[in-house]
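For clarity, chains are labelled A, B, C and D in written order, and residue numbers in each chain start from 1.
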Amino acid sequence: MTALEVPTHLVDAGLIAQLLLGALAVLVAVAAPARLRSVLTGSVVVLAGIAAAVTGSAALVGAVGVGLQIPVVLPLAAPLEPLVLAPDRLGGLFMALAGVVVALAALFGIGYAHGPAASRTGWTAFSVFAVGMQLVPAATDAITFLLAWELMAGGSTALLLADHASREPVRRSTVWYSVMTHLSFLFLLAGFGVLAAASGGTSWASISGAALTGTPATTAFVLLVAGFATKAGLVPVHVWLPRAHPEAPSHMSAAMSAAMVKMGVYGLLLLTLRLLPTGPRWWSIVLIALGTVSALYGILQASVQADLKQLLAYSTTENLGLITTAIGVGLLLRDSGQPAVADVALVAALLLAVSHAAFKSVLFLGAGSVLQATGERDLDLLGGLAARMPWTSGAFGVGALGAAALPVTGGFVAEWVLLQALIHVGAQADRLLAIVIPITMGIVALTIGLGLLTFVKAYGIGFLARPRTPAAAQAHEAGPAMRSALVLGAVLVVGLGLAPGPLTQALAGAVSAGGVATFGVTGLSLEAVGVVLHPVALTLLAVAVLVPLVAVNAVLARRHPRRDVTLAWGCGGERTSPRMEYNATSYSEPLVRVFRGSLQASHVVDVVHHDQSPLLVEQMTYTQETGDVIEHRLYQPATRLAARIGDLARTVQNGSIHRYVGFSFAALVLVLVVVAL
Amino acid sequence: MSSELYQQLLATTTGLLLLTAVLQVWGRSTVRAIGLLVIQGTALAGLVLTVGVQAGEAAAPLVAGLLFVVKALVMPWVMLRSARLIGVTRERSARLRPAVELIGAAGLTLLAYAVSGPILGDTTDPATRAVPVGVSLVLLGFWQLLIRGSAITQLVGFLMLDNGIAAISSLTSGGLPLVVELGATLDVLLVVLILGALVVRMQAEEGHIDISELRELHD
Amino acid sequence: MTIESLAVIVIHLALAVTLTPVLIGVMRTTRARLEGRVGGGVWQPWRDLRKLLSKQPTRAPGSTPVLTLAPILLMASSLMLCALIPLVSTVALPGVPGDLFVVVGVLLLGTVALALLGLESGTAFGGMGSSRHMVIAALVEPTVLLSIYALSVPAGTSALAAIVQARLADSASLLNPVSLLAIFALVVVVIAETGRLPVDNPSTHLELTMIHEAMILESGGRDLGWLELGSWLRLTALLGVVANLALPWGVGQDAAPLSLLVGVAAITVKLLVLGAALAAAEVFIAKLRLFRVPELLAGSFVMAFLSVSASYLVF
Amino acid sequence: MAALIWIPLILPLSLALVSSLRQRSSWTLWLPVSAAGVLLGVGVGLILAVGSDGPLTTGAGLLRVDALSAWMLTVVGAVAVVALWGGIPHRTGRSRNIGTFATLLCLFLAAMTLAVVADNIGLMWVAIELTTITTAFLVGSRGGHGALEAAWKYVVLGSMGVAIAFLGIVLISAASRTSGEPSLSWVVLLAHAGGLDPSLVRAGAALAVLGFGTKAGLAPTHSWLPDAHSQAPATVSGLMSGVLLSVAFYAILRVQAIADAAVGPELMRGVLVTAGLLSLAVTAGLVITQKDFKRLLAYSSIEHMGLLALGAAAGGPLAIAAVLLHMLGHGLVKSSMFVLAGRILGFTGSHQIADVRNLLRRRPDLGGPFLLGAAALLGFPPFVTFFTEVAIIVAGFQRGLGWQMGLACALLLVVFAGIARHSLGMTVGAQPDLDAARTSPAPPDQPARFRQVPIVLALGASAVVGFAAWPLTGPLIAAVAALGGVR
C-alpha cells in the first residue's frame, strides 16, 4: 500500500491542537458559568477528540511529524532522553481510537453530565483524562509515556469521585481503582527502569536499538506485561474494572472502558512488536494464557451479573482477553515461522480493539441514558424500555449485537478474522501449536457463546417485556446530545461491520502486516490465508431474502391485521404481575449451576411464614450472590495480610523511647561493625 | 611535656573516664551519677588539655577550661538543681537486672575495642590508642539511655555520650576548630538546659519523671 | 457466474421452503408409526402452516417492535442459512462463499431473535425458555466452532462449498477419525440447536421441560406460523449441511441443469432418510434433565477437540 | 555580592529580637514570614550571582555559597514562606507567647540558613543542632502531655542522633589530618579527598550519615518524627518536614560527596539504600492501619526521605538533580499539607482520621486542597514529585540498584494504598454527618480566601515547576555539579 500524501506537519499541528484544546477545556471548565459549562467544555473536548482522531488517522496512514518536545526541569542526562511526542503508525491508530471515543463520550456528556460530574472539577478532570489518554500513544519514550499515562490515571480517578457524596460505594471503588492503577504504574516504572538500565536510554528508539535479550529482557517483559495487563483489566488484576466502571459517570465509564483500557493493549503491542520483538516462545504462551483466562472468566462473570454497568465492565475484561489472546497467537506464530498467519492474528487484535471501542462506547452510553432516565442500573429493576426509549434501545441493541459478535457488526468482523487466523495455523509439524491452538479455539468459542447469552440477557431483560418498577415505567428518552452520541456510535458499529476492508488495510500497516487487502470496495480479503468476507454482499443477499418475505407478510398483515388484546401475556389468563417476569438473576440461573465451581454463587432463601400456620408462606425472598473467586482467593487474603502486617508494624512505634533509642543504638553498632569489618 | 608524662596523663584521664562511665551504669543513685559527671568532666578537660599541650595548640587551655566549666560545673549543677527541684534522687525501678546491665556494659566496652582497631588502623600514637575509651563512653552512654527509665539518668547517659565524643575528638584530631568547639559546647549546654526544663515540667504535669511511662504517643 | 449462483440460491430457497414441511411431516409420521399411532400424515405440517399464517396475531399494550420483528428475523435467518449452504450445488456468490463462521453467525441471529421473543412475552415461561435456549446455544458454540475447525484443516478453508468439494474429491477422507469425530459432534450440535431429543422435546407442552415451545408460547397466528416455519427451516439447513458433509455424493459442482437436478434429488433423499432416521432414534431416547445437557455437550466438545487434534497429530 | 549571604543570617536574628520584645502582638507572626520571603529572594539572588560569578565566600571562609547552597536556600525560603504564611492563625487572641513563638521561628530560619551556607561540616553541625534546640520549644509549645512527651523524645533522640553525626565529623576531621591539611571545609575535603585516611573516612562518613539521617527522618532512626510532627503546631510540623528534613538531607549529600570521592561509592550506597528501603518499609507498615492524620503525613515524610536516600544512593547527575528537585516539591506540598492538617484539626477538633469525614462536602476549602496535596505526595503528574520519583527509580535501575528499586516500588504501592485510602476516607463519602451540628462550616469570608493563597501558590508551583526547564534546569545542574559532579 502506498503511503497517502499527508502534509508532513499535520501530525505536529494536531498534537499542538490537542494540547491547546485540552488547556482551553480546562480553562472553560473553570471559567464558564454553571449553566453553559457542560455545553462549552463538552464541545471543546469533542473538538480535542476530533483533533486526536484526525492526527491519529494521519499518523496511521504514515504521516510523520517533527515531534513535540515537552520541557522538563530535570536534566535530560542518560538514561533520560528528551521527552518527545510523535505518534508512529501504531500509536496513531490508538490515538485516533481514543479521540473518537473521547469525542463520543464528551458529546454524550454534554447532555448527561449533571451534579458533580458537571462541576468545575468534573469537567477539568475529564479534559485532563481525555488529553492524557490521547497523548499516551504519541509518546516516543518511557517518561513521556508514563507522564501521559498518569495524567490519564489522575483525571479518571478524580472523575470517578464525582458521585461520592450520593453513593457510599464510590469511595471504596476509588480506593481500589487508584491502588490498582498505581500498581500498573509501578510495574511499568520498574519495567521501563530495567529497560533503560539495560539499553542506556529511555526512548523507544534506544530500547529497540539495543535488541535486548536474556534476563533484563525477561524481567522487563514480565513487569511490563503485568503493568499493561492491570490497565487492560486482565485476570487476575481486573478487580478495579467491575468496581470503577459502575461508579463512574457513564460517559466516563464509556471512555474508560472503550479507550483507556486499550492503552494497555497499545502497551502490549508496543512491548512485543517494537521494544522487545525477539522474545522467547514462552512469552507468547504467557499472553495467550492471560488472554484466554481473562476472556473466559470475564464473560462468565458478565453473564451472571444483574448490574448492567458491572456486566459491561466484566465484558470488557472478556474482550481485552480476546485481544490479548490474538496478540499472543500472533507472536507465537511469528516465532513459529508462519508470518502470514501471524499477521492475520495481529490484525485481528487491532480489529477487536477498534470494534470493542465502538460497541462498548455505545453500550456504556446507552447504560448511562438508562441510568439517567430511570435512576437504576440493576437489570432486575428495569424492563420495557424499548417502548419508551426507542433511540437508546435501538443503539444499545446495535451495540449488543456488536458485543455478541453477530453479523453485520464490527464485532463480528473482528472475531471472524481471529477465527480465520486460528484455523489457518499450520500446526502439523509443531506439537506446541497443535496443543495450544485448539485449546485457544475452544475457549474463544465458549467465550463467544457466553457473550451471546450475556447480551441477549442485557438487552432482553433491560429493554423488552414489561417494566418491573415504576421508575422503569416512567422512563423517558434521552436528550438530543446524548441521542446523537448514541446514534453516531451505533453507526460506527454497523459501519465497521459493513465496510471492514479499508480500515483493516490501514490497521495492517500499523503492525506492518501484509496479506490484507480490500475486496471490492468495502469487503475484506485475507490474502495471506485466502479467505474473503464481503458484508455488503451478505447484506444484499439478506435484503433479497427479506423483500419477498416482508412482502408476503405485508399482504397477510393487510388481510389479517394484528389484534390488540389486553389479556395477552401470562398464557392469556389474568394479567400477571411484572414481578413474575424472568429477571436477570433467574436468566443466568442455569449458567450459575453449570459453572458453580468457578462462580461460587451463594443462595439465601428467606421464608416468612403466615401468622396462623407455619405451613402457609406469606413471603419468600431469594437472594443470589455471585462472588469474584479471584477477589476472594487472592485479594482478600492479601488485604488481610496487609492489615496484620500493619498491626505488627505498630509495635515498631509503640511509644517507648527505650525502643526508639534501641533502634538508633542498633543502627550505630551495626554501622560500627560494618565499617570495622 | 615528656613522653612518659604525656602517656601517664593520657592513661589517667582516659582511665578515669572509663571508670566513671562504668560506675554510672552500675549505680542507681541519681545524685551519685551527677557527681560522677563532675569527675568525668574534669577528666575530659584534663584529657583535652593534655592532648592540646602535647600538640602545642595555643587554644588548648581555653578549650579545656571551657569544657571544664561547662561539663564539670554548669551541667552537673543544672541537673542537680533539676533533681533537687523535683526531689528525685534515685531510680524508681530497674528495667533490667543489674547483672545484665553490667554484662552489657562489659560487652559494649569490648565491642568498642574491637571496632576501634580496624577503623583507626595500626598506630603507635598513644592518643589514638586511647580512642577505644572514647568509643566505650559513647556506647555506654547509649546503654545508659537504653536501660534507664528516669529522665535524669537519661540525661546523664546523654552527657556521657557527649563526653565520649569529645574525648574521641580530642584523641583523634587534636580537637576541632575553635568556633566549632564553641558552638558544639554551647549546643550541648542548651540541650541540657532544655531537657532540664522539660524534666521540671514533666514532674509538674505528670507527677513523675519516669520516661518509660511516656507512651501516650504511639501507633 | 453471478447469475448462475443466484439461480442456485433461488433453487436452494425454493427447495427448502417446499421440502421442509414435508420433512417435518415425514419425521412426525415416522415417529407416530413407530409409537403405534396413526399420526397426522405427511402433509399435516403444510396444513398447519397455512392455517396459522391466515390467522390474526395479537398485540399487548406496551409491547415492543420485537414482537413483530422477531418472527420475520428468524425466518430471514433461516432462509439465509438455506441460501448460504451448498444443499444442491457448491456454486456460490463471489464474496459470499458460504463461510462457515458466517453461517454460524446467521444461525445465531435466528437464535437471538427467538430468545428475545421469549423475553418479550414477559411471562415466566418465555424467560425460562429463552434462558435455557441461550445456555444451550452458548455451550454448543465450542463444539460448533471446533468441528468447523476440524473440517477446515484438511480443506484449508472454512468456506463450506470448498470443504464439500474437497471431501468429494477425496472420498477416502470421509471415513477417517477426524471426519467421523467431527460429524458426530456436528450431529449433536444439530440436535441441540434445533431442539430435538434428548436436549428438548419438540412435542412436549409440559411447562417445566419446555425450551423451544416455552419461548413461542405467547405467540399466535401469523407470528407463530413464521416461527414454526423458521425453526423447521433451521432443521432442514443444518441436517442438509451434515448430510452433505458426511455423504457429499450428488452435490452439484456447477450450475448445469443436470447436476442441479441430480443435486435436488440427492438432497431430497438424503434429508428425508436422515429425518426419518432421526425421528426413529428419538423414539428410543428420553429427554435429558436440563442440567445433564451440559454433560452431553461436553462430550460432543471433547469429540470435536479430539478431531482437531487428530487432524494435526495423526495426519 | 558576598554580603548577600549575611542578610538571611542577620535579618531573622534581628527580627527575632523585635518579636521577643513585642510578646503580645499578633503581628509579630508576620515577621518570620517576611524573613522567609527575604530568604527566598536572597536564595534566588544567590543562584543568579553564583551562576554568573561562581561560588561566593565570606566570614573568613566559614561561609560559602555555591550553587547547591543557593538552591537549598531557595528551597528553604520557598517552603518556609508557605508553612509560615499558611500557619498564621485566622483569629489570634492576645496570647502571652506569640512573640516567643515568632522569635523561635526566626531563630530557626537563621539556623537553617547557617546550616546551608556554612562551608564547614562542624559549623553546619552546630547549626543543625541549633534547629533542634529552637524547634524543641516549638514542638512542645502547645502544652499538654502529648506535646511534652513529643518534645522530650524529639530532643533526646534528635540530639543523640546529631551526637553520632558529631562523632562522624570528628572522625572525618581526623581523617583529614593524613592529607596534610586538617580541615572541615567541604571544598578542602572534596579537593583532597584522595588523601584522606580511608578507614577513618569510612567510619566518619557512615556515622555522619547515620546521625544526620536521624534529623532527616530516615529509618531506623526516624522514631522521633511521627511524634514530633503530630504534636507540633501546623506551622512547625510544616517547617520541620519541609525544611529541617531537607537541610539534614543536604548534609548527608555533602558527606556522601566526600566519602564517595575518598573511598568510592559502595559504602554510602549501602548505607543509604538500607536506610531508604527501611524508611519505605516503616512507612508502608505504619500507614496501613494509621489512625492519626498528622502522623500519616509524618510517615509520608519518612517515605519521601527514603526516596531521597535511594536517589542519593543511585547517584549520578539525574538522580541527584531529582533529589534536589524533590526536596523543593516535597517541601512545598508537605508544608501546605501540614497547614491544612492544622486547619482540619481546628475544624474537627480531632487528630483521628476516623473523626474526619466528608471534608469535600463539608469544607471544600480544606478537602479539595487536601486531596490535591495527597495526589501530589503520591506522585501524580503534573506535580513535580511525579518527575522526581520516576527519575529516581529509573536512575536507580540504571545505576545497578535493580532489586532494590523493585522492592522500593513494591513498598511504594503499599504506601500509596495506605495514604490514598486514608485521605479519600477523610475527604469523600456519602455517610451522613453525625457531628454536623458540632462542626458547622464557618462562613467563608474574605480572610479565609486570603488564607488559601499560600496553599494555592504552593500546590500551583509544585504543579508547574516540573515543566520549568527554563529557568530551573541551569541552577539545578550547577547544584549537582557543586557536589563533585558526575560519578
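The rule is simple: a contact is a pair of C-beta atoms (placed from the backbone, for glycine too) under 8 Å apart; a residue touches a chain by one contact, two chains touch by 3 or more.
All of these numbers come straight from a predicted model, not from anything done at the bench.
Taking the CA centroid of chain D as reference, the farthest chain centroid is that of C. Two chain pairs are in question, A-C and A-B; the one with more C-beta pairs in contact is A-C.
Rounded to a whole number, the gap between the C-alpha centres of chain A and chain C is 35 angstrom. Measuring from the averaged C-alpha position of chain A to that of chain B gives a distance of 68 Å. The centroid of the Cα atoms in chain B and the matching centroid in chain C are 98 Å apart.
With centres taken as mean Cα positions, chain D sits 42 Å from chain A. Chain contacts: chain A has residues 649-650, 652-653, 657, 661, 664, 668, 672, 675-676 touching two or more partner chains. Within chain B, residues 118-119, 142, 145, 211, 214, 216-217, 219 each touch two or more of the remaining chains. Among all residues of chain C, none touch two or more other chains. All chain pairs that count as touching, in label order, are A-B, A-C, A-D, B-D. Listed in rising order, the residues of chain A touching chain C in the complex are 303, 384, 386-387, 393, 404-407, 412, 415-416, 419-420, 422-424, 427-428, 431, 433-435, 438, 441-446, 448-450, 452-453, 456-457, 459-461, 463-466, 519-520, 523, 530-534, 537-538, 541-542, 545-546, 549-550, 553, 556-557, 559-566, 568-571, 576, 578, 580-583, 586-591, 593-594. Those residues of chain B whose C-beta lies close enough to touch chain A in the complex are 95, 111, 114-119, 135, 139, 142-143, 145-147, 149, 211-212, 214-219. The touching residues of chain D, when paired with chain A in their complex, are 152-153, 156-157, 160-161, 164, 199, 202-203, 206-207, 210, 214, 219-221, 223-224, 226, 267, 270-271, 282, 284-289, 316-318, 321-322, 325, 358, 360-361, 368, 375, 378-382, 384, 386-388, 390-391, 393-400, 402, 405-406, 409-410, 412-414, 416-418, 420-421, 424-425, 428-431, 465-470, 472-473, 476-477, 480. Of all residues in chain A, those touching chain B in their complex are 649-650, 652-658, 661-662, 664-665, 668-669, 672-673, 675-677.
Listed in rising order, the residues of chain D touching chain B in the complex are 62, 120, 122-123, 125-126, 129-130, 132-133, 136-137, 140, 145-146, 148-153, 155-156, 159-160, 163, 166-167, 169-171, 173-174, 176-177, 182, 184, 197, 199-200, 202-203, 226-227, 230-231, 286, 289-291, 295.
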